[in-house]
Amino acid sequence: MATLEHYLILSAILFCIGVFGLLSRRNAVGILMSIELMFNSANINFVAFSKFINPDILTGQIFSVFVIAIAAAEAAVGLAIVVLLYRNFDIVNIDKINFMKW
Amino acid sequence: MIEIPFINLAVIYPEIAIFTASVIVLLVDLFMKGEKQGTLSTITMLGFAAAAIIASRQWFHFETGFSDALIADNFALVFKLLFCAAGVLTLFLSVHYLNREKIFRGEYFFLILSSTVGMMILASANELITAFLGLEVMSVPLYLLAGYDKKKLLSNEAALKYFLMGAFASGILIYGIAFVYGNLGTTNFDEIYRALQGKTLYGEPLLLLGLGLILIGFSFKTAFVPFHSWVPDVYVGTPTPATAFFSIAPKAAGFAILFRLLFKAFAPMMPDITGILWVLAVLTMFAGNLIAIAQRNIKRMLAYSSIAHAGYILIALTTGTADGAKAAILYLLAYTAMNVGAFGIVILLGREGEKDLSIAGYSGLSRRHPIAAAAMALFMFSLAGIPPTAGFIGKFYIFRGAVSAGFIWLAILGVVNSLISVYYYLRVIVIMYMKPEAESDRVITYPLSLMVAIILAAWGTVQIGIFPNSWLNLVRDSVSGFF
Amino acid sequence: MYMAIFILFAIMSIAGAIMVITLKSPVSSAIALIFVLCCIAGLFALMGALFMAALQVIVYAGAIMVLFLFIIMLLNLKDEILGEDEKKVTRVFGSILGIAFLLEIGFFVRRALTVGSESLMYPVPEQFASIEVISTGLFTKFLFAFEITSVLLLVAIIGAIMLSKGEGKTEY
Amino acid sequence: MDLIDIGITVGKVVIIFGALMGMVAYMTLFERRVIAFIQGRIGPNRVGFQGLLQPIADAVKLLFKEDVTPAGANKFLFAIAPMLSFIPTLLTIAVIPVAESSTIFGREVDWIISDINIGILFVLAVTAMEVYGIIIGGWASNSKYPLLGALRASAQMISYEVSLGLALVGLLMVTGTFSMTEIVAQQSSFLQWNIFKQPLGFLLFIIGAFAEVNRIPFDLPEAEAELVGGYNTEFSSMKFAMYFMGEYAAMISISAIMVTLYFGGWQGPILPSPIWFLLKVGAFLFTFVWVRGTLPRFRYDQLMRFGWLVLLPLALFNIFITGVIMVL
Amino acid sequence: MPDRFAGRLTALEMFGNYAYTGIWLLIGVGFVLVTFWFASLIRPQRPNPTKLENYECGEMPLSASYLQFNVKYYIFALIFVIFDVEVVFLFPWAVVYNSLGLFALIEMLVFLLILIFGLAYAWKKGALQWV
């Protein structure tokens, strides 16, 4: 039987991969996809918790509905910004932007 | 038949007012022909005014509603008033600037207003998911505001940077919320408080992880060191009035939710995380102040100074007492006034295309533009915390709160930081008053709206500095019912 | 059997996620992400959260990823050159974070072994899969969150159009 | 669960799958003959009696065709794209009850592959995935016309997917369940068909359905005159056949869905239930062909404007009206 | 007899109808793969450079095939995403509509009204015109 821990570990691994992708990808779309992975791992957590902790009220699932809505809004806005940068300045890779400047 | 919940719309009257204004702005912008800037800014102003009036009339009402997801206690209301003030001041800063840079669009007001809706929700959220949604409603317009100047590379980059950092922070935050939910089975602050009784943070690894991630998430949004790397570039790239807004309102909102989260929901855990907050506060102050010294660009300097000021407020957060919360609110009020003023002068002295932002360019300003120089000097004094200005009063109460709560070292480090900050704030004044005039074809006009903003800011700075009593009463009332 | 299906989905989603962050071609990586999202939907279904599974596929895999693919094609994103020195700092940072999270995973594994694998396995009530329960919560207890979502979506739609629209009337 | 059950299950799957494939095959012939009739031609009538063996001949021809993968195409994606177009369509069939449940070897057999209680959501989820077969196919070809065709097709499909979903919301308000079997059970008599409760909803749904399966008047993605062949220009042999089968299977499955949701499913007097089901589906398939023979093609800007500014508000209006009527 | 299958068939018992969906999916994939495999056995395979060229009405392809396309596509996809989210909120709403009644109607009217402003904005800004 898969238990809560299994789901949590899976989501943690996905979250790790997302964080790593965020730091290692160079184009903004790739980074955005990594962020989607992070959101998804949170979703797995919510659903798993709602199943294993309080299965009769399902708040966890409701939260993940909101998370998906937020992810949609963020993706829309983020991609609009990417389009903007590309149209005006032909930039998609973030290392063209100096991220670590102090 | 499902039972219909008790809603109590009164909790969100200010939000409704602001949101209605934003929708009207949107529709007027869409369907009105010809010159509409005046109309739009009037509507925006009315929206803020209406929200502020509603909020002030709810003082001591302690409304709750929407299944306890929202609460409109004085603490929330004072922040709502602060957002309205920040919004109005930003509006005054913007009108002239938008014309000068030729980037006026109706969406600007819409974004400011909808961002304010998010902040208000954040201030009165009593539940993690509502807070998260409020945070998103606040942040998404801010990303867009950062990229508002579409033709400018810096602005575009700022938007991307802000967005990526913000989305990353949201990801971390929601992951943390998931763990808190998983451990406690609830996200309501009151229920969290109840569920936490008899638990220790270090005995609950999931909770520790969740709270840690939530703190990291909010640290990104409020730009605590080491989660601040986005701040300088975003602040520089964003149109200046929006930068002023960024440095005040979202920060205040972030602190509002942090206070509610740490002082109310996670109050039983507060002793366990004081150490972390202590370190964050010290790092934030030192990094902000030390790096600010090296800056040559006034916007960049103000960006780092805003990080440092967040550090001072973190001291108040670390104390975990009512005095700390009061001092933080007072400081935020003072910071609103003086920072808007400083940015107002920056806009006043700037020229089309965001030129003339180097600090060295202000040399000899006192001779040609004595009023602007004097106002700038006032705001710099206040930011440095020199009496009798608002900044001094704010810092004084923060440090006093820290000392009385037993955080003597923290207070000392705070004072040390104030002294460091004096150096770079005073440098601006020295350059303005002592240095010979630079070769400059700078022509300054004094647009009415901008002057109103600066005068209001100066009034606030002086008022809080010299007559702090009424303000102290305000902040005392604002935490009543909170502790 | 349940465990076998779980492991199957888990391995597929992890492999897919690794592909998302390592594949050079953005289109391939987006398709890998679609695959991951579908696997996660499968996991939701496995947990009995059918509505979530459907939602995941409809919105995430079926709408958001279309947007991603459109953008990738619109911008004609080239293959990415990974593994250059320019992002060394972030790579190190990423590895540290990765290790930290792996430690966290190890912690969970240990806890999984000590707590015992059956202890958290409540019998799933009949209504777990029921959409009515979700709807009831969504439209009563979390009513405000639901309404504010529309504000968020409104802001997103307006902001995105504002940013991506050209300056002229017809220029797109 | 024993051998008989397994046998029944296998038999059910084989029958439904076989029937679907047969319908796909003969749908092509049916369409060609009907179109020919509408246009005053004869159509294929040489292979077998009245051309009845024509589909088989077509299949054999396609099997023997060389499979060309254009240079520069992404081989893997090029290979899976046709599958991605065909399999989602196939999946929708799984949740449609095709006949009354009957008793075989003393066991109750439901004539539905999987009777899940979120049938409608499942259909929508699978429909949402259909777009990828087209996008990926067009992109992987590494060629201009397919890419343009794919983008057009996907933009069109997503535009009408919203209206399709909203049309179903109206239906859901009336039925209150996502389960296909329950929806069929609710429409036990002619007057209880959902078409009478949701006339506007059905109209919206059928328009959306035409757009979803890229049929005339919404067949711009394949507009021969403008885009050569649309997204499947570069595909040949079985890959092309797979797209083709996908399109016809989509037509059949969407007809079956319409029958199930709005026209009482397999229910009907006197005749056995599978016959009723086939008759109703056949009527819809005929409509598809008939419309193709009659209507001209939309212009692309008209298509998009119609989708967003007419269908979407109408669908919202439908929900509003349904809501008001139900409250009253 | 049942014993031999007991271990193997628990999935069907456990997930009931959902397992059938999986089986149906496997059958579909299997069918496609078998067809492809069979076709690859009997069909000729004689590629040459001309044959492998992209189809461009018989002409030689002139430019790279990945042309830039209209931002319009993005805007439609964007509006689609937002309204798709709206649709998935409508589904659970529709299911409980009968038990919540007028209250649900008002809730959803507010929600839809807010989003319709977005649609109006898109329309007025010309984002929905395909020219």
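Going in written order, the chains are labelled A, B, C, D and E, and every chain counts its residues from 1.
Keep in mind that, in the parts below, a contact is a pair of C-beta atoms (placed from the backbone, for glycine too) under 8 Å apart; a residue touches a chain by one contact, two chains touch by 3 or more.
This structure is a prediction, so every number in the text was calculated from the model and none was measured.
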Neighbour overlap between chain A and chain B returns C, E
Smallest count of steps, each to a touching chain, taking chain B to chain C
1
Through how few touching steps can chain B be joined to chain D?
2
Looking at C-alpha means, what's the farthest chain from chain A?
D
Report which of B-E and C-D is connected by more C-beta pairs in contact.
C-D
What is the distance, in whole Å, between the centres of chain D and chain E, each centre taken as the mean of its C-alpha atoms?
13
Distance between chain centroids, defined by C-alpha means - chain A, chain E (Å)
21
Intercentroid distance (Cα basis), chain C paired with chain A, Å
6
Length of the line joining the C-alpha centres of chain C and chain E, rounded to whole Å
16
Got the chain C residues that touch at least 2 other chains?
2, 51, 55, 58-59, 62-64, 66-67, 70-71, 73-74, 104, 111, 131, 134, 136, 138, 140-143, 145, 149, 151-161, 163-164, 166
On chain B, where are the residues touching two or more other chains?
2, 4, 26, 129, 133, 136, 140, 143-144, 147, 150, 159
Two-or-more-chain contact residues of chain A, please, as numbers and ranges.
8, 15, 18, 22, 32, 48, 53, 59, 65-66, 68-70, 72-77, 79-84, 87, 99-100
Just spell out which pairs of chains touch, all of them.
A-B, A-C, A-E, B-C, B-E, C-D, C-E, D-E
With touch defined as at the start, can you tell me which chain A residues reach chain B in the complex?
8, 15, 18, 22, 28, 31-32, 35, 38-39, 41-42, 45-46, 48-49, 53-54, 59-60, 63, 66-67, 70, 73-74, 77-78, 81-82, 84-85, 88-89, 91, 94, 97-102
Tell me, which parts of chain E touch chain C in their complex?
10-11, 14, 18, 66, 68-75, 77-82, 84-89, 91-93, 95-96, 100, 104, 107, 110-112, 114-115, 117-119, 121-122, 125-127, 131
Touching residues on chain B, where the partner in the complex is chain E
1-2, 4, 23, 26-27, 30-31
State the interface residues of chain D toward chain E in the complex, per the touch definition above.
1-3, 6, 9, 13, 17, 62-72, 79, 82-83, 86-87, 90-91, 93-95, 113-116, 121-122, 141-145, 147-148, 151, 155, 158-159, 161-162, 165-166, 169-170, 172-173, 176-178, 228, 233-234, 237-239, 242, 300-301, 303-305, 308-309, 312-313, 316, 319-320, 323-324, 326-327
Chain D residues touching chain C - in the complex, by the definition given at the top:
74, 77, 116-118, 121-122, 124-126, 128-129, 131-132, 135-136, 139, 147, 151, 154, 158, 178
